[in-house]
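Order of writing sets the chain letters: A, B, C, D, E, F and G. Residues in each chain are counted from 1.
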Amino acid sequence: MAPIRRLVLDVLKPHDPGVVTFATQLSDLEGIDAATATVVEVDETVKTLRVTIEGDDLDLERVRAEIEDLSASIHSIDQVACGSRTADDPWIDG
Amino acid sequence: MAPIRRLVLDVLKPHDPGVVTFATQLSDLEGIDAATATVVEVDETVKTLRVTIEGDDLDLERVRAEIEDLSASIHSIDQVACGSRTADDPWIDG
Amino acid sequence: MAPIRRLVLDVLKPHDPGVVTFATQLSDLEGIDAATATVVEVDETVKTLRVTIEGDDLDLERVRAEIEDLSASIHSIDQVACGSRTADDPWIDG
Amino acid sequence: MAPIRRLVLDVLKPHDPGVVTFATQLSDLEGIDAATATVVEVDETVKTLRVTIEGDDLDLERVRAEIEDLSASIHSIDQVACGSRTADDPWIDG
Amino acid sequence: MAPIRRLVLDVLKPHDPGVVTFATQLSDLEGIDAATATVVEVDETVKTLRVTIEGDDLDLERVRAEIEDLSASIHSIDQVACGSRTADDPWIDG
Amino acid sequence: MAPIRRLVLDVLKPHDPGVVTFATQLSDLEGIDAATATVVEVDETVKTLRVTIEGDDLDLERVRAEIEDLSASIHSIDQVACGSRTADDPWIDG
Amino acid sequence: MAPIRRLVLDVLKPHDPGVVTFATQLSDLEGIDAATATVVEVDETVKTLRVTIEGDDLDLERVRAEIEDLSASIHSIDQVACGSRTADDPWIDG
């Protein structure tokens, strides 16, 4: 199977745990080299994060389970990059 | 024949399989070095993806067959780059 | 004669042949190192492509003949770069 | 625990201490390699800063305590980057 | 005299000769390393080109004479870069 | 104390001394490697400058005293970067 | 005295001499490594140029005298960069 190298996820997270706990726990998962969470919207009970995860062979189901363990949920997937290297989307990274 | 080095495709995909399964299966095709799927629109029954595929000698028909095996379809082709190297479009990548 | 290093062409193409066939055939022409076709508009019977062609010494008439062999036509020329190297247009590539 | 490599914080700060004192004190914290404060809004009694903090293993609670010692408060967290390296968010840094 | 390294010219050109003939002839002038013509407007009888010319020591009058030999005319000069190296304009190339 | 590496200041300056005298005098201060003044607004009696100052260990009070010696004043501070290196603000420099 | 490394000037110039003569003469001044003139506005009797001048130790008064010898005048100064190196303005060059 071609490995997943980058995932960009839209995540809904209650205010607790905080985004720092969320990001550090997430990046602690085996196989994750880097996780960057950008807060894109704050509502009364929930924050929307865009979460960029990079690694040599990411496992979405383990990522999803970890996110749910952290009381959050994947609202949608913005980008998935797979393969022996990462291809940039020319319309975004050009 | 000059090889295809990059394909950027507009793909319509039902919600199942998910975009991660879609991207990993696709990038698993022989000859594909990297596949990046960016979700650009979500409708009730379908997602629109911009899929960037890179390799040394891509085969559109095998790509199309694989996409259809994954219950999705190529709605349109946004960009095709061929040759012994990849030329960037100055209006996009400049 | 100073060689042509890059041509950016506005091409009108019927739906058949497809843009992949179009780009691979075109980049197969002697002297073309790379051809990238970006679809910029889709009408009922025709697609408008912006085609970036790079090489050490491009020949417009052979490019035009090949494009016409492929049932398409050059609608207009967006950019021509000539010389012993390629100068970028500071207003586009700056 | 995966280390925090970059924090981008929205900070509310009274006019005293000034932003320079604020930034130098903050970057003086053990483990902080660099702190950059950009003033994004100035109100009658308060300034809003976007504070970018980088280090090999940042500690939010020590950062928060230091910020509060400086009479300021973290209004919200804009971005957290964790891991063995820093992943850029393609929608911002692309 | 400090040499001219880059000229960016606004050129009005009748439809004949074509932009490719125009650019190749122009870049054939002694002292021109590279000439890039971008079509910026097409009217009934005339095309407006932005022409970027680079070399170690360009001669405007020879460039102008060549442009007029090609039935075109310099409508205006957008940029001139002179000196022992090329300085970029921070408002354009920054 | 962590050193200040970059200061971006909003400076109000009467028309005399001129911006060149202002910038050269300022960059002459011990510890300043580079000072760049960009004029952002011109009013009847005053100019608003955005002044970027870089060095290994800047001293705001000496910078402020020098600016006041030059009959100008710091209207506000736009950015302060401190630490053993300079962190870029991803929302500005990304 | 800390040397001036870059000057960006707003220059008003009558139509004669032309911008090429203007830029070449200007860059011929001792101490100027590069001068780039971008035409930003054309009025009936005058052109407005943004002139970027780079060197190791520029002398504004000699630059001004030369500009006036060329029948033009400095309308305003957009940017001055001084020091042992050039600092970029993060809001423009970031």
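Everything that follows uses one rule, which is that contacts are C-beta pairs under 8 Å (C-beta built on N, C-alpha and C of every residue); 3 or more make two chains touch, one makes a residue touch a chain.
None of the values given here were measured: they were computed from a predicted structure.
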{"item": "Shared interface partners, meaning chains that touch chain C and chain D", "value": "none"}
{"item": "Chain E and chain F: spacing of chain centres that average the CA atoms, whole Å", "value": "39"}
{"item": "Mean-CA-position distance for chain C and chain B (Å)", "value": "22"}
{"item": "Chain centre separation (chain B, chain F; CA means) in Å", "value": "49"}
{"item": "Where chain B touches two or more other chains at once, by residue number", "value": "6, 78-79, 88-89, 92"}
{"item": "Order of the ring members, counted from chain B so that chain C is second", "value": "B, C, E, G, F, D, A"}
{"item": "Chain C to chain E touching residues, read off their complex", "value": "1-7, 60, 76-92, 94"}
{"item": "Chain D partner contacts - residues on chain A that touch it in the complex", "value": "6, 8, 18-20, 22-24, 26-28, 32-39, 42, 50, 52-54, 78-79, 88-89, 92-93"}
